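A single structure is presented below for examination.
Labels A, B, C and D are assigned to the chains in the order they are written; within every chain, residues are numbered from 1.
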Amino acid sequence: MKNIPSPSGERLPVEILGATGMVGQHLITRLTEHPWFRIEALKASERSAGKRYGDTVDWALPQPIPRDIAQMEVLACEPSLPGRIALSGLDADIAGPIEEQFAEFGYPVVSNARNHRFDPDVPLLIPEVNRDHLAIIAHQRFAVGCIITNPNCSTVGITMALKPLQDAFGVEAADIVTLQAASGAGNRPGVSSLRLIDNTIPFIAGEEEKIQTEPKKILGTYRDGVIRPAEMAISAQCNRVPVRDGHTACVKVALRTRASLESVMAAFESYGSPLKELELPSAPDHPLIVHHHPAHPQPYFHRDLEDGMAASVGRIQPCGVLDYKFVVLSHNTVRGAAGAAILNAELLVRTALSQAIR
Amino acid sequence: MKNIPSPSGERLPVEILGATGMVGQHLITRLTEHPWFRIEALKASERSAGKRYGDTVDWALPQPIPRDIAQMEVLACEPSLPGRIALSGLDADIAGPIEEQFAEFGYPVVSNARNHRFDPDVPLLIPEVNRDHLAIIAHQRFAVGCIITNPNCSTVGITMALKPLQDAFGVEAADIVTLQAASGAGNRPGVSSLRLIDNTIPFIAGEEEKIQTEPKKILGTYRDGVIRPAEMAISAQCNRVPVRDGHTACVKVALRTRASLESVMAAFESYGSPLKELELPSAPDHPLIVHHHPAHPQPYFHRDLEDGMAASVGRIQPCGVLDYKFVVLSHNTVRGAAGAAILNAELLVRTALSQAIR
Amino acid sequence: MKNIPSPSGERLPVEILGATGMVGQHLITRLTEHPWFRIEALKASERSAGKRYGDTVDWALPQPIPRDIAQMEVLACEPSLPGRIALSGLDADIAGPIEEQFAEFGYPVVSNARNHRFDPDVPLLIPEVNRDHLAIIAHQRFAVGCIITNPNCSTVGITMALKPLQDAFGVEAADIVTLQAASGAGNRPGVSSLRLIDNTIPFIAGEEEKIQTEPKKILGTYRDGVIRPAEMAISAQCNRVPVRDGHTACVKVALRTRASLESVMAAFESYGSPLKELELPSAPDHPLIVHHHPAHPQPYFHRDLEDGMAASVGRIQPCGVLDYKFVVLSHNTVRGAAGAAILNAELLVRTALSQAIR
Amino acid sequence: MKNIPSPSGERLPVEILGATGMVGQHLITRLTEHPWFRIEALKASERSAGKRYGDTVDWALPQPIPRDIAQMEVLACEPSLPGRIALSGLDADIAGPIEEQFAEFGYPVVSNARNHRFDPDVPLLIPEVNRDHLAIIAHQRFAVGCIITNPNCSTVGITMALKPLQDAFGVEAADIVTLQAASGAGNRPGVSSLRLIDNTIPFIAGEEEKIQTEPKKILGTYRDGVIRPAEMAISAQCNRVPVRDGHTACVKVALRTRASLESVMAAFESYGSPLKELELPSAPDHPLIVHHHPAHPQPYFHRDLEDGMAASVGRIQPCGVLDYKFVVLSHNTVRGAAGAAILNAELLVRTALSQAIR
């Protein structure tokens, strides 16, 4: 994370909703040293509220719990003070109304849950891809607060890889097969090891649908308060594999205009960093890393590139059925969840909130 | 394995070429109790020749080495007696000329290696799919011997699943992504565990090419000494995953004629056993098993169905890009190697050799 | 399993308590073809009662659910008919009073749970080790029924390996470290795969205590209605490892009398099958298999020997601190649970029940 | 790594011997940013000599190859310039004479190989434990050069944990069982994944012997050019487990004087950092971390503490056979190999070389 001072010169107070879950743990770990934010409150379900965080969390990261965080009391998931930013790692079965309640109370809510992703006035953001969609929050019904969302853990990497192709050639169709890490299913209880030792599972509930819809909204166009989804066909098959972190996607694409292999490679290679001038601490210098080794990218070896915030693309080849095929890898709990939410929060602070909040 | 008496009433002598490798070990394990064959010789490379099998093999199966096999002396890989059947689990880097030498000497050679698969007069056989191709051996240049081959470990299951679709609707194109087990890379040295703990690998040398070509020959038509490959486009992406046995393939197909989901399901369900009347000991009663549980088939749970000789199909759904998508699973070292070779040998004995050999 | 006719010539009705758990699933799989028993009822918790077994079970074995079993209705865990045998795979948190209730009602209860293992009048049985302890059931307070138990999944193999040493030399002390498979923690939820990918866990709740106490009762002496535990010191450290099935134990022993390595080897080698004359279908021909390969026994390769009912011993060496050290492996859900319970039931039928029941 | 300036104020030139192996890769990764050393040459076997490092190495770390390192030409394993430090990650089958040759030529050789560990005039060093042994190099036969060694990857953590007990109470005997990570066997070919999926292996060639001898030399006393080994009995059993990095050891100890659990805990807790005043960049602030969570330490979660240079101790309990038992974890390729060698090099530079080299 880059040590860039915040727009206001101060660290803004944030609250973590769903602080005890996997996403919550990653949010905490990444926010502890964040130059723009300081963790003001940890909020979670009834079961944890009132307890010391260190006593109630089933911590599942190799980085130790920050000492001061372990001492904090977990609070109930209710809004406290308008103007604070809420970073929500809540599970989808409860996130919907709680996030709305926070937004109504005056919180900018940065959500990782799926519940509001398809609300017409809620942006589904990958800052490197569609940061112009953020403007739609002006049309939300909340007086002060707002809700912004990041996509599903698989969608992020795939959409980041589709973006330069969409820009250069248009994407007509995408056939996708994922190999998804166990951490995507959380830690309590998560996937039983009896299901993943010497095994893979060709099904993840709801996942194919998300991959088939979210990229269209993200790659869509924003104008006058309306996001019009991109027109493309997407078909996904999702597998759980015995990997801890890092989702791999095997992608085949049909393009709208003819493109040589060189031009496809060039589109990926020249993607650059569209966020450079915004100076966001979590923005990777190279959001899309192109690999030339024939056996790359691989989850263990490349999920942590650019502090886990880069998507890796490799094995770019012509395809005998559609036009081109390639492999994308991204860190599902960082770029696909906690890191994505924090980058969204940074974008929000840099652009929309700079006036509003201060 | 069914206890069906052999056509001659006697157990025919077979030799195992490449007896110390993974495929050789599986061949031995499956032949020990075989009602038609008895293992007459174990042949392998210089390194092992002259040694007791039990002392030189790096045995990697949970079934113990059969006691009498362990005592046998490993012989050099040279032909001994015309008329014996050679079951070859030789590595592709040496299999080519050795198998030819055996065929010239008068052996029917049943090979698992890739070397002769695309010789125009060599059948690439899946008995349930294209047993009529066997007739082409009449056109081989060998006086008495012959060479027949089985496909690559990934191709088998995929092609078995494409067959009913090809018959009923015609297959125009197939997009394939595989999740392949570690045993496909053999045991000495095989894939280092440092490459497969908490990791997957999006590349297997030569594998995409095999999947993109072999099904066309197998699904092709035979007439007058010529196999004409089926016309279809195939594009494959192959991954190695931390699974011991069992290759999964995620397949999307475009069909030549419109087909309802019901008719596609029906085509799979009604596939039956085309080998029934031949009474082959290794032929599964249900070569294609259709799964209705949304999370099936899975390698650990379904690779051993029908003694490892069935392919499992599941998650049959309409596809938003091509027409339909589904998942195929088959046991790579059984149905995809040793079991396939033995079934080929049985077919050969039942049909072509019944006159010739006795 | 050996196809030995039952003492009565008929298959006795048994009920499975806890039929949906891992042990229940193994019990069902092993009883389906059992020559002495037929499954009369599947009983489980409120959650499952009233449902079709196939609809409520989270089946986690590679063998398919037997078709007729899948159709059976799961019943509540209450006794139905005196004289039936109850095979209990209930979890320890509920097993205690339920098993008593069944025994009071007149069921011989064959339990895998820990609850009654240390009741003074309940035998803790490994038929090959202490079948004379079975006589204690005559002293139980139940009019017709009784309770017999098998030991913890780790204890079984360790105790089977200690038995010949205890008989030949006396065991004064045993230092034990286990590497235990994931299936020991069950399947719902079991151990999260996030805890076992690229990891081991040096703690299993309650396990060290069981290993430190159970062998003493099993190796104890029975006389006049009293089991006097063997006097030996045992110290255990238990680890969970990413293995599906098969518990390994590294054991070091101090013996009461001096013993040469040859005599220790001989004691293991000559252990034989103390159950031979009883002709029990599940009794292994070789309950203790001695391995001479320096890298054996290993879970994947040796857990299934003798249909999963044998314990494997290997790496027998002098020890620089105590007297000898060796490694024991046994299948935790077969020899350590379902198979153990069935063997106990067979022993009960052959010896105690032959009069009582018929 | 702490950014402490080197004694001379300059970065000293070092050569990596065995630069393409796993230890070599770790050495490179950790030296790239080292404040005291700069990599002057990469040396390796014939096979790699003359090639660009990036082209010949089978890189197996998640950190990318440093760009300038990838460009360096690999040189043959021969000495070039006296006074350079050689950090040797050579395999034991060739390390012996090569390391001697370098020492004779005038290199201080810091070796990770086992070959010279028991030479009477070669120190076997863990700087936190026996840095006084370094003085013995004055008695080596080399004019300018010298050889110092670090222990086996399992020995390090175990010995660091035994040290405070030895100091406080004397250790009479230690029973040890290890669970060792796959990286300990290297990467080319390493352990085949077919041996470690759903499996553990109760044997590692030569490992038990190392654990039974090395701690005695390290914990021994140095006087007048002689190291007298500590008197204690050690018995080890070693297992390979499917973990990438991090060796766990389950240890039971008999102490020479009676000790309460509190005093044992206190001995561990108060161990501190004996290297503090030396200001070595790689020395951990807390070389011995005591864990109080009942399921800690675990390889994935704790191997990287203190940049991989700390040993973790947990589950400290009274033992029913010896006196106390506990679990030790350390990172086998960092604290047990590359990091250990670099820390030894730092110690050498700070103490012995400060006069000699400059």
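In this section, contacts are C-beta pairs under 8 Å (C-beta built on N, C-alpha and C of every residue); 3 or more make two chains touch, one makes a residue touch a chain.
Just so you know, these numbers come straight off a predicted model, no measurement behind them.
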Hey, which chain ends up farthest from subunit A, C-alpha centres compared?
C
For the interfaces A-B and B-D, which has the higher count of C-beta pairs in contact?
A-B
Averaging C-alpha coordinates per chain, one finds the centres of subunit A and subunit B separated by a number of Å equal to 43
Cα centre of subunit A to Cα centre of subunit D, whole Å, reads 40
Distance between the centres, which are taken as Cα means, of subunit D and subunit B, whole angstrom:
48
Residues touching two or more other chains, restricted to subunit B: which are they?
197-198, 242-244, 300-301
Subunit C-touching residues of subunit A, taken from the complex the two chains share:
60, 182-183, 187-198, 242-244
Note: in the complex, subunit A contacts subunit D through residues 61-62, 64, 197-198, 244, 300-305
Touching residues (chain side subunit A, partner subunit B) in the complex:
173-175, 177, 179, 197-203, 212, 233-235, 237, 239, 241-244, 248, 250, 252, 254, 294-301, 314-315, 319-322, 325, 327
